[in-house]
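Given below, in the form of structure tokens, are the structures.
What follows is subunit A paired twice: with subunit B in the first complex and subunit C in the second.
What follows is the complex of A and B.
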């Protein structure tokens, strides 16, 4: 069973912080923790890529270093370009081992984003609608649909900003899109569903991201997201065109990317592996 | 019930006889014989030569297997043969023999997917119940997991198979193809110490080897390590013990120019790391703790060791088999064929043509219910 699994010891200094980092999710590649930066009142997300003892040590260091730096580079570039992603706070690709001194993997500390992932927001909304949609009058129904449409449009716009900055995500699912809770006291939405769609759209988990401006790669991002929404959020799927609309308006290159998307960008075998990766993320990111 | 399995998708022809006792006790291997077509160093095998080899050997091997198993033709229930994937001409040669035996003896004909044969034999031998399967051979590289009566492919090579990459590099170095190139690369790699930088190509759960092969081939060419002459020097060194100790001192003194052994070592470390990485992803995905390695490359001890470390760190275990079952053989076809036969599957004569492309997930795994 999964709970027997013991994650590897944390690299210094996280083996010695109080309170200790809290493990949020674990994948094949990395572990995500919640910890703090400098002061316990400043929360931060910590992604640890532990060393893989099966690999030759030189190869292991090379790969871990490459990948964590790649992720950090994409994030800093996006911050500079004004795309909303978590800011990079600290990084160590020569992390010291937890128990014994020596190589323990690499880690990346990022800004803590307070808010739900879009997967949860849509799931809650769809669950409520499934149960209670019949009790709403036409105007209310219209209003509810409009809220989700507006959310998808904002997501499309954010993805457009990402691509405009020359980065592709590589693993774009609703689990990797968050809504940052508004900090100021803005008036809460009055909605019968009780599910808020407010907040800034933030993209997370750039572990498979790369710098690319090719229509093919960009279209794969959109395709993966389209498939993800289609299979987990069936009620929101008809609103996909809103996302496309938001994307189209975001930057000039969008038109040719969308044309590539219509031409079915991914060969079937590739689509397969992308779908599997989505499943993987859903499993890993679902709280146990 | 008794099945004859006939395998000939590549350069080996294998005939195996399996018995599934009616009382439900574990299946038994009655005979498992094989003959391999070995090409000279520096060369691969051509389909027409392999097909000729199979045609020459098939009757002898079937007779030999029946004799070894001590069963008469009357006792046999079905003739199982590899329907694909594999090289066209050798597949056809063996399929033709299977069809003939089926008609001659009046036995049911069962076409078997080669990959499914490997998986079922691995499950039988190791007792792994629901493992993530890494299937690695000269023609295939796939990560497979079972789900609702299909063996689903989670990741695979985007170009050449890992075994093909090793075989072709063995050709570059003129390493012997006997018993098989991968074995000789493994032995040479044991002397390697220095890791050279090679491309490392993992895309999601897929891998690619052609770029690595091109890189290491050109490296060998630049360093002047390829070709017949260097291979002969190596062989001489190995036979002369005194000289070997001298050479080691020399190696130590000389600059850090990679040797042939270093290249084999680096190639193994790189490609096996890639395979273990995608296997680990698949394990995380399906939540399985068992890994089963099948296919010819699966007999490599370094790959088994690396997979063992990965599985141990995840609290799981590795199941691997030795050469008798890893490398293409007849009993794996008999085993998978027998399972299909018992579930009511038959291959009609008009449907018994073989195919070079036969995806693992095309097979309806009717005999598993979980």
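What follows is the complex of A and C.
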């Protein structure tokens, strides 16, 4: 039987951290932990990209280093530009031990975002609506749809801000969009569903992001998100035009990006281009 | 002993490495302190930072952590962990330049002193006693309120090429002010984390 999964040992200095960072998720490229920032009263997210023993050590170091620096650069640039993403708090791209025998991994400490991911918000809302929509009157139904429309519009606006700043996300799904819980006392929404759509839209996971101002790359972000919403949130899909609307109003370049998106039949060459990388990882992982 | 010396609680550092910080205003003997650094007086192995170049606690802490992490991994670019803290504050890669811009100068009036206990003889008491005997100035609490009265935000922004960002302390006030502070602070912290990349 499979052994219980044990995550790889944490890199220094987090092997000192008490209490130990808590493993949250494990992706294709790294592990995500919850820990403290440099201030013990403030939480932080820690992304660790361990070295991959199946890669040649020099190549491994170079790839790991390049990717974590790219992610941190995109995030820092976006913070400077006022786009809501987690801020970079600390970073180590060099690994430890210095030579081939050392640990070739890297880590990135980021601001902790307190709130749900939009995937969960939409899932909960859709589940409630599926069960109870028939009990709502026309006005209530309208109001519920309006809340989700407004959320999608805010998301479109935030993505517009991202693109305006010259960064494309590369993996936009509703799992990579969060709602930061409001810190100030604001009046809670009254909704029969019990699902709040309040909070600032925050984009997360820039592991596949890059700096680009090309309509093609920007359109891929929108296309990937559109497909993600279509496949996971069928009841919200008809409101996609709201997202497009929010995006269009966000910056001047939006029109040509949206035109590129509409011209779609020409394959969006880069959609899922990162899949190559993931596939390659799978192939390389297979022992020969 | 003197209670103004703060032991900075940075998670993730081993307990054996304590970080002591003290903030002084109206320093009278900055030239003397700088001279001790220049002559390499071992007694004066501190990070002596011109506090007007510090934006907030988080800003200073980011530089301290960066330097200590590089120290732990044997990749200091400068002499020791203390000079590395000053170097870490500098967005550019020139060591001498970082001392000119961020380190104590003859004209320094407000001083942030940082000491890392890199050997067991360095204790809170020894640091407090030595600083008290060496720095002629008024010790004040190292908090964001006090630092905000000292920082030269325009100059800091210029150094980090962040001139386009809104400045906290503008008349706007309220939430906008908090957002401006946060945005600038996080931009500085990110720049320190990425330095040399």
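Methods note: the second predicted complex is superposed on the first by the 251 of 288 C-alpha atoms of A that agree within 3 Å, B and C clash if a C-alpha of one lies under 4 Å from a C-alpha of the other, contacts with A are read in each partner's own complex, and residues count from 1 in each chain.
To be clear about the criterion, a residue touches a chain if its C-beta (ideal position, glycine included) is under 8 Å from a C-beta of that chain, and two chains touch if they have at least 3 such contacts.
Source: prediction; values computed, not measured.
By the document's definition of touching, of the two partners only subunit C reaches A:69; subunit B does not.
Within the superposed three-chain model, A:58 lies in touch with subunit B and out of touch with subunit C [touch as defined at top].
When the two complexes are overlaid on their common chain A, residue A:190 makes contact with neither subunit B nor subunit C. Residue contacts after overlaying the shared chain place A:28 against subunit B, while subunit C stays out of touching range. When both complexes are overlaid on chain A, the residue A:208 reaches subunit B alone and has no touch with subunit C. By the touch criterion defined above, A:111 reaches subunit C but does not reach subunit B.
Contact residues on subunit A toward subunit B in their complex (touch as defined above): 2, 4-6, 8, 27-29, 52-56, 58-59, 62-63, 208, 269-270, 272-274, 276-277, 279-280, 283-284.
Every residue of subunit B that touches subunit A in the complex is listed here, in rising order: 153-156, 158, 195, 197, 200, 203-206, 269-270, 273, 276-277, 280-281, 283-285, 287, 305-307, 309-310, 313-315.
By the touch criterion stated above, subunit A contacts subunit C in their complex at residues 12-14, 16-17, 35-40, 69, 72-73, 75-76, 79-80, 82, 87-94, 96, 98, 109, 111, 184.
Residue ranges on subunit C touching subunit A, taken from their complex, read 9-15, 57-58, 61-62, 65-66, 69, 72-75, 162, 165, 175, 183, 186-187, 189-191, 193-194, 197.
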